Structure formats: C-alpha cells, structure tokens
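Below you will find the structure I want to go over with you.
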Amino acid sequence: MPMNSIHSFSEIVGKYKVIFFDAFGVLKNYKGLVPGIDRTFQYLHDKKKEYYIVTNDASRSPTQLAEKYHQAGLHAISKDRIVSSGMLAKEYINLKVKSGIVAYLGTPDSAHYIEGEGIEVLPVSQINTHNVDDVNALVFLDDEGFDWNSDLNKTVNLLRKRTIPTIVANTDDAYPLNLGEICIAVGSVATMIENIVGKKFIRFGKPDSQMFIFAYERVRRHMHVTKDQILMVGDTLNTDIMGGNKFGLDTALVLSGNTLPTDVESRINSSGILPTYICPSAVVDY
Amino acid sequence: MPMNSIHSFSEIVGKYKVIFFDAFGVLKNYKGLVPGIDRTFQYLHDKKKEYYIVTNDASRSPTQLAEKYHQAGLHAISKDRIVSSGMLAKEYINLKVKSGIVAYLGTPDSAHYIEGEGIEVLPVSQINTHNVDDVNALVFLDDEGFDWNSDLNKTVNLLRKRTIPTIVANTDDAYPLNLGEICIAVGSVATMIENIVGKKFIRFGKPDSQMFIFAYERVRRHMHVTKDQILMVGDTLNTDIMGGNKFGLDTALVLSGNTLPTDVESRINSSGILPTYICPSAVVDY
Amino acid sequence: MPMNSIHSFSEIVGKYKVIFFDAFGVLKNYKGLVPGIDRTFQYLHDKKKEYYIVTNDASRSPTQLAEKYHQAGLHAISKDRIVSSGMLAKEYINLKVKSGIVAYLGTPDSAHYIEGEGIEVLPVSQINTHNVDDVNALVFLDDEGFDWNSDLNKTVNLLRKRTIPTIVANTDDAYPLNLGEICIAVGSVATMIENIVGKKFIRFGKPDSQMFIFAYERVRRHMHVTKDQILMVGDTLNTDIMGGNKFGLDTALVLSGNTLPTDVESRINSSGILPTYICPSAVVDY
Amino acid sequence: MPMNSIHSFSEIVGKYKVIFFDAFGVLKNYKGLVPGIDRTFQYLHDKKKEYYIVTNDASRSPTQLAEKYHQAGLHAISKDRIVSSGMLAKEYINLKVKSGIVAYLGTPDSAHYIEGEGIEVLPVSQINTHNVDDVNALVFLDDEGFDWNSDLNKTVNLLRKRTIPTIVANTDDAYPLNLGEICIAVGSVATMIENIVGKKFIRFGKPDSQMFIFAYERVRRHMHVTKDQILMVGDTLNTDIMGGNKFGLDTALVLSGNTLPTDVESRINSSGILPTYICPSAVVDY
C-alpha cells in the first residue's frame, strides 16, 4: 500500500470496474455539486463502469436523496445506486422487530424510511405511559425533527425502563453546514446517551464493514467482481478510507472536502490511516 | 480500610470533628428533606462539630442554595457552609480571566454566580460575529436556560473559532428528577462537545480533589483539623466516596439516595471503590 | 425479539438450516470439550444441517485448531468449518501488502498463519535499524511468544517511526485460563499501544460484521441460505450476541461459559444486548 | 490569559515569588542537565525566590532523586524541594491502610518509598494463595522491576479476587528514553488493567490538583504566598500546563522537552490548553 504522492483521478479510475463514492465532500458540498463532477459520471457511463454512492445518511430515503441530485442537474445518480446507513437500520428492524412500536429521533422524512409491515413508527415525543411497554426498538435517525432537551431526556428514561435494541443509523460525530461551520450529528447525541444509560447501541455506517458488504452484495447481483476491482473514493480518513481499507478495497482520498491539501500529510501520519491514492478531487479531466 | 457491614450513623459520627455532606441523596431528595435529617444538625450543633455541604451544583449560588434549605425548614445550613463546584468555576475565572466576555450555558441564576469585575457575562445565545473575538472563556453551568439544539451547535462553532479556556462547573452525567426518572446533566453535554471539538475542558466537581481542598481550606480558617478527623458522607461511590478516599478522608456511604441497599455490595465489588463505612442514612437517632 | 425465558437447545435448533458456534465456552472450556457436545454434531449430521465455528482466535491456523478437536474426540469439526479472526487478518495482508516485511507479535504458530507470497514475516524482536524501513505492516496475533516489556516498547517505537497498517487479529480483552483465572488477551495490549501512539488499528473479530460475512459467504458457496435461517450460538453478550444480532441473525446465548445462570438477567438488562433465546448449553438432548 | 508569542524566561520569572518546575524536559533530558539550568537556580538563590520540583515520578524517593541532581552537579535541588506523585501514594497508604500487605509493581527502589509502619510491602510476584487474603492495597509504581507477562496477569487475577484500593503513582502514558525513542509508562499499563477488571483506580500525578496542593501546602509552611504569586514551568501541555492552570497558577510552557518550537502553536490550538507564557527554556540569561 505505497502512498505515491498526488495522482489525478483520471489516472487511476480506469484500473477499476466498480467505484464506490462517498457523497458529501466528494460529489457535493455545502454550495452544491462539486464543479465538473458530471464529467466523472459521463466517463463512467462511456466506459461501462459501475458506481454506487455509499453514505452515512439516514435523514432521507434513497428516493429523496436521488431527487436532490436530479434537481441539481446530476441525473446519473438513481435511487438504486445509493446505499445509506439508514437502509441498514431499516433492514435490521425488518429482520428483528416483528411487532409493536419502533420509537425514533429524527424528522418525519427520516422515519418514513424505516416504516415496515406490522410495526408502528412513532417519534419519541409521542411515547407515553400507555404505549411505553409496546416500544420494541429505538432508532437515532437524524439530528433534526425533535426537541433536544425534552426528547433526549425522554429517551434516557425510556432506555432505563425498557431493555430494547437501540439502533444508531448515522455514526458521524458532526457534519459540515457551510464554510467553517459544522453541526452536531445524531451519532454524537447517541454516544452521550449510551454513556448515561450504560447500554450498547447498534451502529450502522462507515467505517463499519456492514455498509461495504451491503454495497458489495448489491453490485454482485448485476456482475461478477472481486474486491480488488473496486475503488472506494472518500474525503474522510476515519470513515471512508478506514472502512474501505478494512473491507479490502483500494481507496482514494480526495481533497475536495474534509481533508485539506495543507494537512493531508500530517493527518495520515498521525492517524496511521493510509489511502492507496490521494487525488485533488473525484473529477475526471476528460 | 475494612468494610464492617452496616453501621448506624449515630455510631460513627462521634469519632470525627468535621463532617462533609453531599446534598442530593443525603440531605434531600426529589420529595424534599430526608425525614429526620434536622436531628443530625441538632446533634452536630450540640456536640460543637463543624459541617460543610460539598455539592456538584452550579445551578444556583450558595445564597440561593441555602435559602432552599431554609424554606424547607432546615436553618442549620447557611450559605457559608456550602461549597459548590460553581464556586471553583468562579474562582478560576477571577484568577485567570481579566477582561472581555465569559460566555455560558445555563440559567440566569447560574450566571449571576460567576459575575466579576472587569468581565461581561453573556449567554452563548448572545454571542455573534461582532463580539465573538472578545470571548475569553466559556463555562458550562447548568442543563437548563438555553436551547439545546441551537446553542450547543453555536458552542461547537465558537470553540472551533476561538482557543479559550472552557470550564465545566458540574461533572455529573445525570441527576435524579423524581422516583425512577433522571435528567441529563450539563457534564454529559460538555463531554459530547469536548469529543467533537477535540479540546480539553477544565472540570470542577467531585471526585476531583479541588472540591475537597476548597472545603478543607475553609474549615481550617476556623479551626485546626487534620484529614483523619474529617468524615465525607455521600450517596454516590464514584463521586463522594472516590473523591473523599483519594483526598485522604474517611468516608460513609449512605443508602438514602443513588445507591440502594439491594445493590450496594455488587456496586462496591464491581467498582472497587470502598467506603470506610456504610450507613442506612445520615440521620442521627438521638 | 422477545426473550422467552430459558429454552432447551433441542427445542430451537431445528428451526434453522445453518448454525454458527462460538468455540470457547460453547464447545469447549478450560477442562476440555463440553460434556455431550458430540451429540449436537451427531444431530446436525443426521438432520443435514450446516455448521461453522466462528472464533476470535488467531493463535493457531484452522488446521491446527481442528486437530485439537480431533485429539479431544470431536471429529465433526474439520478445518474448512472454522472461521477465525486470524483468517481475516491473513486476507487483509494478502490483499493490501504486496512486498517487504510483516512484523508480528505472537507465537511462531500464529505467524505461520499469515505467511504469503512475496512477503517476509518476522517477529517484532527481529526488527532492527537495517530492516525497519522495509516493514510494511504490523499484526497483533497472540499474547504469547514474545517478551512483553522489550517487544511492546519496540512496537511503540516502530509505530512512531513508520506509518504502516496495523492489524489486531483478536479483539478480546481477556480469555479464561481455568476456573476463576483469566489471561490478558492481545486485544488489550493492542489498545494500550493504540492509545500511546494515537493511531487507528484495524481490528478483526466478533462483534465486527466482517467475521459474520466471511462465514456467511463461505456457507453460501455450498447452499442457498438467508440470514433468518442462520442461528449464532455463543456464551458472550458483547461479542457473539451483539455481532450476530447486528448482522441480522437470530442468536442463542448459552450459559456454559462466560455468562452464568445467576447473572444472565442483570447482564442483559445492564448491557441492553438481547439474545433471541437463552439456553443452558448447546447440547442437544437426543 | 493572553498568549503573547515567545518570552525569554528571564523576563517573566521576576514577577513571581515561587516557581514550580517540572523535572524531565525542563531541568534535564535524556542527555543530562539542560545546559545553563544552573544559572536559573543561582538567580533564584540570589533573588531569594522559592522553588519546588513537581514531578510525576514514583520510581525513586526524593532523597534518591535529589542525589541524581547532585551527581550531575546541580546542588540547588535538595530532597525537601521535591514533590513527587509517589509521595502522594505514600501519604494515601499511610492514611488509609493500617495493616496487612501492600502489593506493588515496580523496582525495589520504588517500593522502599511506600514502606510504613504496620504494613508489609511485597512485589506482586510474591503474592500467593497463602497471603492473597492479607493484601489490602495495590500500587503501580514503576514500569521496571517486574515480569510484564506473568506479573500483569497475576495482577488482573488479584484484582478479580480482592476488592482493595488500587493506586497508580504515575499518570503518564509514556516517557522519553533518548532522542526519538519513548518507553511505555506504568500509567498506560494500569489503564489496560483497569479496563479489563472494570474497577476504578486512584491516580496521583499532574494534571491532578492534588500534586499542586501538596506543593502549595509545603511552600506555605515557610512563607505566605497566594496562587497568583506562583509560576508553574513545564514542557507538557496536558499535565504541567493543564494542571497549573486548573489549580489557578500562572503557567510557562518551555520548548526544551516534549513540545517543540515547530508544533507549539498547533498543539495549543488543537488541545485548547493555553499557557500564560511560552519560553524557549527555563534558563535565565543572567
């Protein structure tokens, strides 16, 4: 895994049959699409390469996420090409919760996501003494859509009363809001509550392997591919690159988001997380 | 430090010249004063023993805290007998912050507390682009009095912009609200933000020695006393008992609060924190 | 995921097509095989059910591990039915390290395991100023086979000099030695060093999903099976049960190892990790 | 607490009545005394300023530590001017352990230190089934003097059998051995074992306030001094500077040890720990 200084993305993308892309900091940022990223998808289409978006986002369904790209003018990203941490939460609930209430923290959009047959999906704010004994799971979906003070205190007391599986559908600590400002993500809020109640939550999201398995299994439904034919492209060392490396994929760190050209070297050395390649961005010059 | 099963408080209190009491779970609980606790203070008065309340509470000033006891009918607790973690925060700011703004999270009551000459005390909600460069310290005082979502996000971004001392005036993770329900304390909120911004906050509160030094120095202004003549009485192993032990005091764990008769043995064995004595409560039968 | 008190293993095993077993505490303990466990494998054979051993053991190769079972009289466990965390470490190295030296901490038996074409496998004790620049990966394999004081200090300084992928092939903190005594596992040693050098290591082992994927992919080479047709059987909540649950399998906690009948209820409630079933042991009464 | 770029130590030392010095990285390093440091002590003597060495060192008694300075030609450092974390461990044991065995990990030199009336001090290696029930405390003193593999495993099992106070007399994670090489300190080893056994150890050492109280009380036996008349000088942000700040002292970070001129700014910004001053070294140009 030698780190050969900086490569152009055009130079390396041709070596792989399938590309996994992180979303934020790679395809888009707080200002909109990364300029020129449409050329990358034109290239992938022309060369008949497969691609998936692998994202720690449980705030919206793949359909809603895909619509956002279409509105921005990027039509290459259809809903079936999106693998989100929320989909793993949904899969878990479908497999393990057969009846009763699934309580959640998040927006109605995010909740829509986890709905399934036989279960009732309710915001934590609607849990009360009458229905608390029917709550069979709790899901942290999004940092918006609830009152932090009252609903987080309610969540703590719910978890003290009921021994139920608790799922965190986004493992990020924070996410960028605009140039220089960040927001606390639901992953941080969940960690705070996990420490208070002393229980283990089930977390879905990069760098966890389950995200990569999900994407890997999906691509193998359509084609035969081995791990060394897949490239994971991301802007964050401890999620995209760590997770890609661990799953056995080659990895490309792009400098269009979280990791800046000025601190890439010190971040790699201090974390010990080594991408296969470093590229200025995921844009193909073509 | 042998643990000789359960003692009555009457049996052991006579051996000491000075008693330090935790407040919540020892003198009072969510229903009001612990029944009979006034007899303890009558006894201490009659026997000319000194006493102090040593509390991880930065929500109100000693004057306000004392008033609460007076209203409940316990007049023995005057403001000069109260040592709170908020007082250490105040002392720190007086010594180390000479000018500018001290931003805080908490109620106006808690803020009143840290006011001092030459500094302006402002809630985080009132920090803006015009005054952000004058903020010279930040204090976490109380879990109430601010909007958790907007003000905690604002706090994260303030700490990313400004390298300033950040003080947490209450190290507790949670506190009891009523029978069976707890509240998230500002200590947990501070830990969440510390992890996101990656900076080290300055924490005041038991089990930290500084709480005990503060009380110890205060008592020694009035009388000569050595550490082995002081008993720390508390209901929580990892704050009251851990801190008292470490500072070199004898310790009495009471079972009227956080630690229940049914789980005292397993909690001591699993934590490894050994009180000198275990008592049903701090009430003197007299 | 209801927890219906205690079930006999015989009662539930019939519902599944494939069984994954943890090794220690389920099939064997410090005294040898769990009495009667051979009946379970006779049953599985008669009913044509598939089974795999999924173990956080990187101290020996599957061949060597299988031999141990054969010597103890259990011939049903062949090397191709064993999935160990060491196999994931080996796969990672084969995919990501193409040349140079892979340094390791462990016994020669454990090292034998990770050998591959084009790489040289050397114990940390043999790293010196002449070959240190050729070290391209480090693997924590076993807690035996090296001098803890000198080789762990050498490891710290190796990781300060070289930015290389570091793999921990056993995530356990400790393992049982005999009745009442435990041993520090290499996972704990790795965590200590990770904290000192401040780098992120790559960990393989339950509860991580990658162990379950590896076993799942292997079984699907031979047969068609879905996740709800597989049962994970283990004695430890935070590895076997947590990992099985997260991967979407049904789980059976057995009380023949790490979790005792007297504390199963309090451990489930305090951890929040819920097995689908609880069984006295994995022995089939048949 | 403004940070006014770099000051010469000569410029600031005159403002204070008492100076607390860290030892390693300030007065000495792996090559011996910091060149010119004798001029500092000549200056302090001429100006009648008091000084103390405040060090996280429990490997040798103050007498032995002072001898090392004398052998190196620095006679100004007498044993009564040394405050070590080992002295706090000793004080704790004297106050809280009245009889039986105190087991320890460390060299015979370090153990000599904690000896007291009525107790027997034994290395962990000499604990056996006959005397284990008499062990009333355990102390982590030094990283040398014991077999890491066998004695650390023995320590884990001792702490599983006996609920006893456990003291860590050195909170450092690692210490420098020579240019570019470090050693694992006993603080790291203690943390590993604390995590395995799940118990809370009592830690003495900077940044904990108890080190500073101990020194502060000692200086006040000889003279009247307030906290703002004391300067803490150290080379490490998260022990010397954090601890000094928290105790309410002014602090000077020197760049002759752990913190280098090239990374001082980024370390201060990323940790949020602000010294009152930054100086190239503690040498007075005089």
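First chain written, first letter: the chains are A, B, C and D, and each begins at residue 1.
Here is the rule we use: contacts are C-beta pairs under 8 Å (C-beta built on N, C-alpha and C of every residue); 3 or more make two chains touch, one makes a residue touch a chain.
Worth saying up front: this structure is predicted, and the values here are computed from it rather than measured.
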item	value
Chain separated most widely from chain C, comparing mean CA positions	B
Same-residue or different-residue interface between chain C and chain D, half as cut-off	same
Centre-to-centre distance between chain C and chain A (centres being mean Cα positions), rounded to whole Å	28
For chain C paired with chain D, centre-to-centre distance based on mean C-alpha positions, whole Å	40
Chain A-chain D separation of Cα centroids, rounded to whole Å	45
Residue numbers of chain B (touch at least two other chains)	none
Topology of the chain contact graph, where touching chains are joined (line, ring, star, complete, other)	ring
Each pair of chains that touches, named by its two labels	A-B, A-C, B-D, C-D
Chain B to chain D touching residues, read off their complex	1, 91-92, 95-98, 136, 159, 163-166, 197-202, 208-210, 213, 227-228, 238, 242, 245-248, 268-274
Residues of chain A defined as touching chain B within the complex	143, 147-149, 152-153, 156-157, 160-161, 173-174, 180-184, 188-189, 191-193, 195-196
